[in-house]
Amino acid sequence: MVAEIQNRIAESFAAQGLMATLGATLEHIEPGEVRIALAPHPGLSQQHGYVHAGAITSVLDSACGYAALTLAPEGHGVLTAEFKINFLRPADASRFVAIGRVSKAGKTLSVCQGEVIGEWGERTETVAIMQATMVTPAPRP
Amino acid sequence: MVAEIQNRIAESFAAQGLMATLGATLEHIEPGEVRIALAPHPGLSQQHGYVHAGAITSVLDSACGYAALTLAPEGHGVLTAEFKINFLRPADASRFVAIGRVSKAGKTLSVCQGEVIGEWGERTETVAIMQATMVTPAPRP
Amino acid sequence: MVAEIQNRIAESFAAQGLMATLGATLEHIEPGEVRIALAPHPGLSQQHGYVHAGAITSVLDSACGYAALTLAPEGHGVLTAEFKINFLRPADASRFVAIGRVSKAGKTLSVCQGEVIGEWGERTETVAIMQATMVTPAPRP
Amino acid sequence: MVAEIQNRIAESFAAQGLMATLGATLEHIEPGEVRIALAPHPGLSQQHGYVHAGAITSVLDSACGYAALTLAPEGHGVLTAEFKINFLRPADASRFVAIGRVSKAGKTLSVCQGEVIGEWGERTETVAIMQATMVTPAPRP
C-alpha cells in the first residue's frame, strides 16, 4: 500500500509541468511526509541572484500537497486551499530540500506544516516555513 | 519620479530569472500598484493540467513586492518577509493578471494585498487572493 | 429570508460568551457582509494600553464567520478553519468596527476578507486586515 | 539574565488587561519559549459552547510575542506584525496550554511558531497551530 501511494505520487509529480520547469525532484515519500529537492540555477532567481520566493514556495506547496495525499482516503485527490509561508533567511544555499508533513489529516481538509532546508556544504539551515490547508476531494463518480 | 521607479522596477523584473522562466511579463506600474501577466503553458501545470498554485503565487508575490517598492523610500530594496494566499477556483483560465496593491507603506515593513484575475475570453474571475508583508531595507552604505 | 438569516446570526452571536465578555455588539448584517463593533476598555488591553491583537482578531473572526453564514446553504453551520491577520497600526482608536466580507462562497468552504476600521473622532483608518477560510458544515441528520 | 527577562515578561503580562479578562495565566518562560494556560468558562465560548477561536488565538498570540521577547535585544519591546492560525479540532478540552516558540530571532523581526495543546484528562491533542511575525522595536530614546 505504501508502494501504491508512492507510485501514485511519483506519477502525479511527473505530471506537474512546473516541477520539471523548476528542475525539482521527488526525493522521499513516507506516510505523512514528502520531500522534494531543488538545485538553484539562474532561471530560478530573484533580482539579487538568490532563489525566488516563488520557486521556494512552489516546491514546498507540492511537498505539503503530496504529504496530505499519503494519508488521504483511497482514490481521493489533492488541491491546495491556502497556505502561508515565512522566509527566514536569503535563499542562497547550494541545494534545498522542501519537507511537507501532515499535522492533521481529515476526511476533506488536511493541515500540513512544511519547511525548506537550505544546504551550504555541511551546514544546513531552515530557509522558509509553511502552514497549509489542503483539500482532498473524493474521486468523481 | 514615476518614470524613475518604473525604470527601476523594469530593470529588477528583468533580473528575476524566475519571471522569464515562467513567461511572466510586467504589465503595469503605478504608485502603490503593479500588475504582472502570465499566459498558461504546459511547463506551468499541476497534475490536472491547470496552472500550478506555485506559479500563480510566484507572479503575485512579485507583483506585491514591486507594489511595495513603488512607495518605499528612495534607494531602498524589497524582500518578501511572508505571505498567505487562498486559491478560490481552478486556474484554468486562458490568461492571468496578478495585481499587487499596497495596503500600508511603512519605513521598513509594508503590507500588501493582491489578487490574480483569470480571463476566460470575456469573462474574468478572481483565482487567488494574497495578503503579504514586505521588508524594504535601506541601501547598504 | 434576509430577516431569517439576521435572526439566526443574532441568536448565534448572543450565544457567543466571548463577544459579551469583550463587550462586542452586532452592528450590521447583509448577504455577504457582517459588521461587529467594539469599544475599547482596560479589560481588552495589551501591555501598552492599546487594544490587544487578540481582541481585534476575535471580533474580526466572528464578523468573517457570520458573513460566510449569510451565504451558506440553509441550515448549515459555520466554523473557522484558519485565518491570517496583519496589524497595520496601533489599536488606540476610540471605537472599532470589524467588517467581514465573503470573497468566495462554496458548498463547504468559504473564503472571507475582513478589516477592522478604527475611529478617532472623525478620522477613520484600517487597523487590521484578515483573510480567512470558513467551513460551513451541513446540519447533522 | 533569565530572571530579569522572566520578571519583565511577568510584569508585561500582568499589564495585559485581556489576559486577566480571559482568565489566562503565565505558566512557563525560558529563552525562546513561553507557555500560557487557559481554563474554559462560559465567558470564552463560541455559539456551540466550545472555546471561541478568538480566545485560543489571543493566548497563543501572547505566548508567541513573549517568546520573541525572550530573545530580543535588551530593552526592546514586542508587537505583533501578523500571524496565521489553523484550528485542528473543536476546542472542547478541560484545559489549554498555548506554547510560543521562536523559529528565527532577528534584530527587528522575529518569526515564531506556536501551538495550543488541549487537555482532556490524561489525553492531550493539538487544537491549533500558529505561524507569527513579531516586531521587536528598539526602545525610544
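Think of it as A, B, C and D in the order they're written, each chain with its own count starting at 1.
Rule of thumb we're sticking to: contacts are C-beta pairs under 8 Å (C-beta built on N, C-alpha and C of every residue); 3 or more make two chains touch, one makes a residue touch a chain.
Because the structure is predicted, anything quoted here is derived from the model rather than measured.
Undergrad: Of the pairs C-D and A-C, which shows more C-beta pairs in contact?
TA: The greater number of contacts lies at C-D.
Undergrad: If we define chain centres by averaging CA atoms, which chain lands farthest from subunit C? Would you check?
TA: A
Undergrad: Is the contact between copies subunit A and subunit D built from the same residues on both sides or from different ones, judged by whether over half of the numbers are shared?
TA: same
Undergrad: Between subunit A and subunit C, what's the gap in Å when you average each chain's C-alpha atoms?
TA: Distance between chain centres: 33 Å.
Undergrad: What whole-number Å value describes the gap between the mean CA coordinates of subunit A and subunit D?
TA: Here subunit A and subunit D have centroids separated by 28 Å.
Undergrad: What whole-number Å value describes the gap between the mean CA coordinates of subunit C and subunit D?
TA: 21
Undergrad: List, in ascending order, every residue of subunit C touching at least 2 other chains.
TA: Those would be 81-82, 84, 86, 111, 131, 133.
Undergrad: Spell out the part of subunit B that touches subunit A in their complex, as residue ranges.
TA: Counting only subunit B, the residues touching subunit A are 12-13, 15-22, 41-47, 52-55, 57-59, 61-62, 77, 79-87.
Undergrad: In the complex of these two chains, what residues of subunit B are touching subunit C?
TA: 84, 86, 88-89, 103-104, 111, 113, 126, 129-131, 133
Undergrad: Mind listing the subunit A positions that touch subunit C in their complex?
TA: Subunit A residues touching subunit C: 81-82, 84, 108-109, 111, 131, 133, 135.
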